[in-house]
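Once you scroll down, you'll see the structures, which are given as structure tokens.
Across the two complexes that follow, subunit A remains constant while its partner is subunit B and subsequently subunit C.
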Partner chain A sequence: MAMPSTNPATYTGFSALKLIGTALLPFALALVVAGVVLAMAGHNPFDVYRLLALESFGSSKRIAATMAAATPLIFTGLGTAVAFRAGAFNVGVEGCVSIGGLAAAYVGFTFVTLPAALLLPFAMLAAALAGLAWMIIPGLLKARLDADEVVTTLMMNFIAVAIATWLVNGPLLAVGSANSATPMVAEAARLPRLMRGSTLNAGFLIALICVLLYWLWGKRTALGFETRLAGMSPRFATATGMNVPRLVLKMMLLSGALGGIAGGTHALGNVYRYVDGFSPGYGFVGIAVALLGRGNAWGILMAAILFGALSTSGATIQLFSDVPIEIVDILQGMVMIFAVARFGALGRKAA
Partner chain B sequence: MTQSLALKAGEARVRLGARGITRRFGALTANDQIDFSARPGTIHAIVGGNGAGKSTLMRILQGMDQPDEGSIIVNDSAVTLSGPAEAFRLGIGMVHQEFMLVNQLTMLENLILAREPVSSLGVIDRAAALKAGQDLAERAGVTLNWHQRVQDAPVHARQILEILRLLYRGADVLILDEPTAVLAPQQIRDLLVLLQRLRDDGRTILFISHKLGEVMAISDDITVIRTGRVITSGPADETSKAQLAVQMTGEMVRAVTPRRAREGDTVLSITGLGLTDGRGIRRLSGIDLSVAAGEIVALAGISGNGQDELVEAITGLSSISEGNVALRYHDVTGMSLHQRRALGLAYLSPDRAHEGLCLEASITDNVIAGHHRRAEFLASGLLRLKAIRAHAEAQLDRFGVRRDSAALPVSSLSGGNQQRVAIARELDGSPALLIACQPTRGVDIHGIAAIHQCLLEYRDAGGAVLLVSEELEEIMTLADRITVLFNGAVRGTLRRGEADVESIGRLMLGEDA
Partner chain C sequence: MLDNLIHAALIMTTPILLAALGGLINRTGGIVNIGLDSMMLFGAMTALIVAADNGSWLLALAVAGGTGAFIGGLMSLVITRLKANEIIVGLGFSIVATGLARFILKSTYGVSGTLRLPDVTRLPVIDIPGVADVPVLGAMLSGHNVLTWFAWGMVPAAAWFLVRTRAGLRLRATGAGEKAARSLGLRPLAIRDASTLFAGFMAGLAGAYLSIGLVGIFNEGITAGRGFIALAAFYFGRNHPVMTALGALLFGFFDALQIRLQGRGFPPELVQTLPYVMVIVILAMLAWSAKKRNGART
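And then the complex of A and B:
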């Protein structure tokens, strides 16, 4: 007889408690493994972890730094998640971050006569549209020809970074500058800071709004409903009359737009221009954020903050201890590995 | 081989059996104190409806699952099977409902797979392999095209190959799970002859089925299970079809009484439809077919004779090479499935697990999918969840879906209830035409009657039904007209009353009625 699936992780995962459990378990395992590495290297893991916690959440200033670091990851996490939801494994958000950042910077240093009320939205819109446009080719290839989006979007990343590098070394290079960067954007194009002495800016608020919209989209909109079904079972979605290729294309474009916005907020909120090496892998960490957050709005927010905390504390931990910064990279890598593992499968096998 | 058979079977009284096997899944007891004994050199039938616990028992006998209590008996002694390999070592092999063959390899390559005869140079000895295959086929009294790829071979040949493969590997206990489900009547008869021949050779066969005619025809012993328990077990000549049916279901099942409805307007009309696939193979040719309101037209045929392609052409899931499809006098030939649905098409998929339902999604989601953009469920871009839930509950009640909560995934339901969820969705919004493919596949006997009733009520209310089924009995029960497909073309059409199993069977094999 046909047995109902006995994997509780998948189906009762709607409860918040369970979600926290599945999101925290990979993190806890990563802490254990990295703790062993630390101990073998002669460090007391508890001391190191306390230091990490203090450096990321120890004061309002450190919390602000963590949130600032989480901001681009929230966008890239959401961007990756909308494509995942439609069943497309889009790893091209990283390229959209670069293209979006460049577009925002270009608008920001070109239309300098516009007032802030126009220039800032214009620059952000440019970032979103540039990211969206960057996904048209892989999106169409996937929707029309069923080309593997993992390959195409990964390749598009290299092209994006190479194009941006060429532009900032040539046509868009700041006059008198030798360091592969565009001119600085106008004051009016900059995202306002939220706290004195911190890089936390209005981009974080936009990110929170996006989390809310993502939640609403998934729970309450017809498009979100269709995307969810198409992602779980494309044949079913097709048979009930949905246009699955078009849905996938739409979500790839939305994914690109969110990646573009990530680049836009980074350009207009932190660096105020586009420089070579603009994104330290925000798009790739976004994949881990989406996986760790299990595609859930609040899970993604938590995961982005977690990775934000790791990166802020990693940056300063070297100043206060002899712990190498690589330990933070090890921790990040471990979290990603365990985030990909489906722990529900263990219970299923035992049943 | 004869010698090894004798060694394995020995003088045992029980070649394969169960003693008090119990298997629980949570609150559900799938097998409850199961006892049976298959004597060597006999055909032992295990009979039961869907959900009776047959599959669980077979998995245990194969070592794919472990019982919570009780033990498996092999040659009179209790054994523990660690897996199918261990079962095989004891001479026990199984033919699954879904064949375990490599489609891209030839029949012969599949036969010898993982047990290839190898020459002294380490190269596969094809001559020896072919000889082994031919010997096996000859002894079994069958002929196979050994050099044909499995994907090009007809279903019954694949099934025979599965059986021969077990023999090739030295199994003398064959477990066959619903082996006749995919065969035409004449092929079923051939298979039953083959099984009897294998039995007379001294092999032991465990025959799992719910088709009582076949069971009575070839079994030496019959064990009936229902809701995980053995109801009765004994010689076949001490029971009857009627008695088995009662034991299987626990009560007399009321037969569906078909009513003759008055036919209305033509709802579906297909003219000159043909399809040549991407590899240049002719899949459908010159098909003319129409279905009127208040009429059930059945499409019969051995699977793989163009039914799937025709259904895809009618639904718009794939495009066609020539001809026209019209729905309520609208030419829909170039339209998408979505557009055809808007014109009143409903489609009950034959593949419930992957197309008819989204198993991971909730019951409510499965009922509402495709209807979710109706004005009553969508207000300014947002889904009205309350209205959706209320509507889903009403539909589920109407179609008698037994459930805990509609928020649970649809996979938590039994096969019959899953199918009712799909039917509830498809008959929502009173469509003009229902394409019902294998509507009762994997559904137990009560579920079948209820689903048949749904289809008849829909027809009597003026609905048009194109029924595609591999169950001849179902077609005979429901259809007003029967069209038989053979080799991608209409072989013949019979009206209710002039159709009998024999004549349909001949048409299915490409002969004249």
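And then the complex of A and C:
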């Protein structure tokens, strides 16, 4: 398969204004299409959207809920973006979320005698390493053999979820638990909450630090520059003496580690264990986040908050109205589709 | 026991084979169809609704195939005309379709997840008198429904189409190079759209097979990722119809096997991963041999 026609690497370096414009158009179009779906089902789209906005940003508590929902998406968005920037089309962050979450939960309920100062970092490190390890095979295949990473990483997602499901149904199943879940992690392994009565936790701060690091990496470091170069033109990068395969492998592994951390914060900050159906598609939404944010650090942050707002408000509007929560999935998928559509291509005659 | 397994393997092969043949044609034309699962899902839903409402399985198949083709057409237009990345669009369609199916079930039928309708006309099963009682052969040939026969009939048809017909040649030319095809006076984008319509049609039929062929109800998880297994099958078959059919058969066998392995101490979850593992192994082997060839040349 040829490299995707929309090389995500070219998204970098947009001016801030243009960035906002290009990010808002897909979102606006998705709102229109989802609005039609809502209207056909007999709901007033404007009322639904007003409610969604209110439930996302209406009070400090709701804003906290939005940021909490955005936390894993920031990680998966960044994880996807680093691989994209190196020219590797990694769609396997979803699998890393599961594997990372499981690893964090395992450490969290196994080494219960450790103090919080050790256990929490240990569990987070396990999550990152597990995610990283999950990308070794597709990363090596891409870097050394140029095997199609889209298909390998997509397949790795299914394998990850199946292995995790097997583990929580058998070897790691909590004693006396009917549903497929691990035991709860120790108090000491839980990410501290930032606000009373909200699930917002320290994972959000880690996410913000990662955004900052990603921005610095892209702007200030040689590695960030080389990565962008390798993503835009591997041949030129090779000609300048860079080891492109090695760089691609590194970025695939980093991508996996970030996916693992996403799973780790979800396990240690929200659910406190690994259960079947752990990730509601955080990795896939992360692709939409990376695309909508155009690979830009602050764009990714904003896109993650936007998608976080959708998922948190979607959960609550189902309680207050009879609008099915699935409208959120429809919106998320639509944004993904419109984010890669180039409407400028319509008027142009094919070359 | 063996007869049972052969029969079950063939039953589980059909949906994968139908979608894989569609995806194969699509990929030959130059589009990797990640959205097969979404087309399968809507094929399954519409087939059940029509088969319950109208009572004609043939009409149900037509509507299911048509729905799949419609979704395929939409997806194709976004890819060919708006130059959107096929992978992202395919994943996006899968996400939207899952959400939309649940949304429709809730808002139209007031049910969550599973749709049961009264008086669903099922696909007719063809029993062959005489052959049915022959061991092995009976399990292979008798007691299968019309779509299974159609799916296997499409294997040589697809091979013949790709190699022997003008349209097949044009499709391959389009997949090989958009510019080259255009310089031959072809319209590559339209050809690609047509191949996606076909892929959607086949995936829609695969969905109908699951709902009105196998179980008689619709469930949001009815495809169980078979659209992606189909993707694995045509990657496994490297776009050859016969090899793809073998891949589909192998994955159908795994599917039948893991149902039988449940409750025997062997984890069925791990058996389910086999198709995915095999695709990675095969891609690795292909890439390795390609690299060796290139290495020898330089």
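Here, the second predicted complex is superposed on the first by the 328 of 351 C-alpha atoms of A that agree within 3 Å, B and C clash if a C-alpha of one lies under 4 Å from a C-alpha of the other, contacts with A are read in each partner's own complex, and residues count from 1 in each chain.
Rule of thumb we're sticking to: contacts are C-beta pairs under 8 Å (C-beta built on N, C-alpha and C of every residue); 3 or more make two chains touch, one makes a residue touch a chain.
What you are looking at is a predicted structure, and each value in this text was computed from that prediction instead of being measured.
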Which of subunit B and subunit C A:116 touches, first, second, both or neither: neither
Which superposed partner A:329 touches (first subunit B, second subunit C, both, neither): second
Touched partner set for A:243, first subunit B, second subunit C, both or neither: first
Most subunit A residues touched (candidates subunit B, subunit C): C
First (subunit B), second (subunit C), both or neither touched by A:221: first
First, second, both or neither for A:213, with subunit B first and subunit C second: neither
Which of subunit B and subunit C A:235 touches, first, second, both or neither: first
Touched partner set for A:154, first subunit B, second subunit C, both or neither: second
Touching both subunit C and subunit B, counted on subunit A across the two superposed complexes: 1, 4-6
For the subunit A and subunit C complex, residues of the former touching the latter: 1, 4-6, 37, 41-42, 89, 91, 137-138, 141, 145-148, 150-152, 154-156, 158-159, 162-163, 165-166, 169-170, 281, 284, 287-288, 291, 324, 326-330, 332-334, 336-337, 339-343, 345-346, 350
Complex interface listing, subunit B residues touching subunit A: 25-26, 30, 50-56, 315, 317, 336-338, 341, 347, 349, 351, 354-361, 365, 369-370, 372-373, 378, 381-383, 385, 408-409, 411-415, 425, 442
Of subunit A, residues touching subunit B in the complex: 1-6, 10-11, 216, 220-222, 225-226, 228-229, 232-233, 235-243, 351
Subunit C residues within the subunit A interface of the complex: 32, 34, 78, 81-89, 91-100, 102-103, 106-108, 182, 189, 225, 228, 231-232, 235, 267, 269-270, 272-273, 276-277, 279-280, 283-284, 286-288, 290-291
